[in-house]
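Chain naming follows the written order as A, B, C, D, E and F, and within any one chain the residues start at number 1.
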Amino acid sequence: MAKMLLPIFFIFSFLFSSSNALDFCVADLTAPQGPAGYSCKKPEVVTTDDFVFSGLATAGNISNLIKAAVTPAFDAQFPGVNGLGISMARLDFAVGGVVPMHTHPGASEILVIIKGTISAGFVSSANKVYFKTLKTGDIMVFPKGLLHFQINAGQTQALAYVSFSSPSPGLQILDFALFGNDLPSDIIEETTFLDDAQVKKLKGVLGGTG
Amino acid sequence: MAKMLLPIFFIFSFLFSSSNALDFCVADLTAPQGPAGYSCKKPEVVTTDDFVFSGLATAGNISNLIKAAVTPAFDAQFPGVNGLGISMARLDFAVGGVVPMHTHPGASEILVIIKGTISAGFVSSANKVYFKTLKTGDIMVFPKGLLHFQINAGQTQALAYVSFSSPSPGLQILDFALFGNDLPSDIIEETTFLDDAQVKKLKGVLGGTG
Amino acid sequence: MAKMLLPIFFIFSFLFSSSNALDFCVADLTAPQGPAGYSCKKPEVVTTDDFVFSGLATAGNISNLIKAAVTPAFDAQFPGVNGLGISMARLDFAVGGVVPMHTHPGASEILVIIKGTISAGFVSSANKVYFKTLKTGDIMVFPKGLLHFQINAGQTQALAYVSFSSPSPGLQILDFALFGNDLPSDIIEETTFLDDAQVKKLKGVLGGTG
Amino acid sequence: MAKMLLPIFFIFSFLFSSSNALDFCVADLTAPQGPAGYSCKKPEVVTTDDFVFSGLATAGNISNLIKAAVTPAFDAQFPGVNGLGISMARLDFAVGGVVPMHTHPGASEILVIIKGTISAGFVSSANKVYFKTLKTGDIMVFPKGLLHFQINAGQTQALAYVSFSSPSPGLQILDFALFGNDLPSDIIEETTFLDDAQVKKLKGVLGGTG
Amino acid sequence: MAKMLLPIFFIFSFLFSSSNALDFCVADLTAPQGPAGYSCKKPEVVTTDDFVFSGLATAGNISNLIKAAVTPAFDAQFPGVNGLGISMARLDFAVGGVVPMHTHPGASEILVIIKGTISAGFVSSANKVYFKTLKTGDIMVFPKGLLHFQINAGQTQALAYVSFSSPSPGLQILDFALFGNDLPSDIIEETTFLDDAQVKKLKGVLGGTG
Amino acid sequence: MAKMLLPIFFIFSFLFSSSNALDFCVADLTAPQGPAGYSCKKPEVVTTDDFVFSGLATAGNISNLIKAAVTPAFDAQFPGVNGLGISMARLDFAVGGVVPMHTHPGASEILVIIKGTISAGFVSSANKVYFKTLKTGDIMVFPKGLLHFQINAGQTQALAYVSFSSPSPGLQILDFALFGNDLPSDIIEETTFLDDAQVKKLKGVLGGTG
């Protein structure tokens, strides 16, 4: 019977080699990038390892002032997610750790608490605060493009994973956007109503000039 | 000959009444809203006036502390844009006027200077500043979700129109998001590194509590 | 100074009440649903709890034959994700547990291993198998619509969280689709080449008729 | 063994009832419509007949001046396609039949010739003509929104089916848009450079006023 | 008068050469491919023949065990559909012919019966079967990503055309995905509950290893 | 304190260099183009000037027969809008100026009147005319793909800016599509019902052949 069925294989086989293009599009980080993402690696050189990433298996370095670390698995780190509408990151918190106020310009985020207790919140366009202390196992969703933050609210280290509705969500951290570049102090002051002393203090800390 | 051609009309006429649904979808602001926008008014009650809006024809009130006014023509004000992927707003500036640091979580923006001289800028996820003083007639594009601002850089009133790549771009003004609601001061300080005095001063000004 | 700045609030306040529509669209599960998702709850009744879900905090019941449980946080369970392009689920595995061969017709999936060792794989349109044993902390992505599975490959319970690129990814489990409904046995046999005895055995097990 | 496997069913059964929402969204033509399409019928009242349409099985009436008929299976006629990104229509041609110059504002079109010989063409934004006489079995694609037409080029009746990349492609027939409504003649003449006599002649034929 | 109107041409001519880019994007199969499809051929080398395909005009070879053939006109075969959101395929059936259980991970499908009688069905995420015998001229829609099949239900050859809501719908045939590659037999058995003898029998037939 | 905070910078700095890819995608007009737009310039060579365009600051040449000019700022002219879902154009009108009947196959349009009085209208798929005379400051929206036009209705020059819901909206001017290329006269006459003399007259004027 095997002999009789074999022609099936040949009938469909050309479909198999030609139609798989957009099952996935593992990023070729060296080729041109367009508005929809990176160019695809040739399917014939794609292996299982392109779809697996171990870079989130170890904690980021939290021996810093925010006592926290964000480790991304976006398309630039994990090329297998290119074109698939999803990506991840790992959040590690020491006691007192904080992921500062930030936005992802291109994606919504969903967070699951693996260890510890985290206070998280976002602010809507309508200027309303959605803020809660989350326990292990809780999940929370942060709508696309809105300011949000996460704080270790417990007395132990905390760990969370976050997923994004894009392989390239972007990350704009408020303090770096304001104080970590050459945006002139007077422009910052005019557009944020912050005092000059406050601006200069944080510029000093974050390496800003101007 | 007219008599002979008339049957064309009847052949196609049922198409005409049935297929126009998604040419447009003028918002019925009283009906359920979904992720793609408002429900549509019945096509038979839609008139030309649904596609025209005069609310941007007069200057906003710039007798305020920022010496500027933003007048929106989003779907909530101009229901004709619902579902069409576009909307507008008018920016008026007195001398010294400023549209403070803000984002649109759901849209890119394109600005055209009608009168005056405006300094405008945005900051990328990579923390780089794109900032320029624009003359009358210049246009500038602000990518979706990024912090940006506009400042009257001249010695006269200024006027600009901005368009958005969504009928519902949203608007998150940084100072209101931080200081104009009940987000607790200690949370603001932890997540922005601002000093307590600075936070409390701006909360006082902008009506924030907590 | 507070008195002077107060007019800012009034200038922008109408924006704040009108432009927040599509920041988020928490599902009103009782209202009409459309191709883009559920209708939105009125923003004024939305609270923080709409964006937080605790249903994944406890393990699913794994005292069953597959020795595994899938607990979803899709829009129907977690209305806050409606319209946001993302959702989650929790996978619990006893020793020997298996999430059987299935697809999500509407989403890509990303999986992170929290505890244990899981063998996971998918098959592409080109009929190629991408299969690997993953350790704690590894992540793997499964492209939209392709057959895939997860198996506890270790000697302990295992736990994973999966996220999806849609609030409503769907879930089609192969065995239920084939053997758990009234699809006639002869049709199944003709379209899958399975033997009649095999089909009837699994129909018996899974409650299929016809 | 059947007894042992039965728990699988209960583990997954709540998924089955909750997660099927966006597999499909059969249009409820009486409920609110939004930018993404019609509201969905409740899944429990959907039957196979919602996904089958027999309205294209019989030829349209070609005893008219264009000697052709277009029979649509858009969402308004075939509610099962709502939300699925696809629809169809049937084209019947007598000898000499013509589907006049038209656009589909919301979809690309693909045509397959079932009987006869059809000359078909479209014009690009770059003003270039793509025009060819097609034989039975040939297919041709017409990009979204561009002017196109089909003409029976043979000496027998012709039949074609067309599919669209939207359940609601729209159909704007040039002559009806110009001459079959109350668009004033002087406006038509100014915006098309057509002579007054030509405009009035076609208005007479197509029932236009103004 | 012709002389007077000529300047119109020059005013608009630069638009014509610059703005046609995304009218269409005929695939350059040799250039990089991205998540949205293939790179475009330069517009100046595109001809009408890029939009016409004759590969569906002749029946596929049905002298095989499934007594059926699927002939695709996806982007890889018909580059003109790239970027246009649509594609086609031809289905030929001998008496007794079957297109086996399969999914298209990236598209909905619409089918029209040209000759004969075809029984077609799909299974939803909710595990419900939508199954019907279709006559010539009937059309049926199959929602994206769901398992479906078509069977010649008559005593003559049958012919159908299917269209897809993507230029690259993908095609995953269940038996090839399970039995036509190196997916280990024990993994198949664990994830499908099929018996070892059944798995090995079909692996033998379809060329599977492992 | 600056010294203590500095480690923040290093923790996040690799994010900043890797995750900015899709904040924006300034077109590299010399690299491959795909269905979603042009390839991106490398972020490190992008400057503020890529996001600013001065080509709309001066009036187009209106000394022509239509007494009007359309000056585009689409992706081909203004590469900064590539991938951002928005673009603009400037419309200048002498007294009596007309932007003739046309469509944008790929975008909705929103128009703001800066100077003068403009009569503007569009025709829906349902063959209904939406037509109004607009004053300075009025805005009007034109749904995607529908025939529309603008006419200077006043006794002075007029100026308007239009924005589009795509960086590459396309522009199909009816008269050029019909009479400005090699579309054979008999085909035009069959598909538009225009008289032969009318067709030949306009072909003569607009440089058409055939």
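Methods note: contacts are C-beta pairs under 8 Å (C-beta built on N, C-alpha and C of every residue); 3 or more make two chains touch, one makes a residue touch a chain.
Values in this document were obtained by computation on a predicted structure and should not be read as measured data.
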item: Matching chain pair for A-F (criterion: over half of the contact pairs shared, by residue number), options A-B, C-E or B-D; value: B-D
item: Chain at maximum distance from chain E, centres defined as averaged CA atoms; value: B
item: Separation of chain B from chain C, taking each centre as the mean of its C-alpha atoms, in whole Å; value: 34
item: Distance between chain centroids, defined by C-alpha means - chain A, chain C (Å); value: 20
item: Centroid spacing, where centroids are CA-atom means, of chain D and chain F in whole angstrom; value: 26
item: Touching two or more other chains - residues of chain E; value: 5, 16, 19-20, 23, 32-38, 105-106, 121, 124-125, 127-128, 131, 143-146, 166, 170-171, 173, 175-176, 180, 193, 201, 205
item: Interchain pairs in contact, sorted by label; value: A-B, A-C, A-E, A-F, B-C, B-D, B-F, C-D, C-E, D-E, D-F, E-F
item: Residues of chain C defined as touching chain D within the complex; value: 32-38, 60-61, 63-66, 69-70, 72, 74-77, 105-106, 166, 168-171, 173, 175-176, 180, 204-207
item: Chain D residues within the chain C interface of the complex; value: 1-2, 4-12, 15-16, 18-23, 25, 28, 31-40, 82-83
item: Footprint of chain A on chain C - complex, ascending; value: 5, 16-17, 19-20, 23-24, 43, 47-49, 51-54, 56-58, 73, 78, 80-81, 84-88, 107-110, 112, 114, 121-122, 124-128, 130-132, 134-144, 146, 161, 163-166, 193
item: Chain C residues touching chain E - in the complex, by the definition given at the top; value: 98-101, 103-106, 119, 121, 123-125, 127-129, 131, 143-147, 149, 151, 170-178, 180-183, 187, 190-195, 198, 201-202, 205
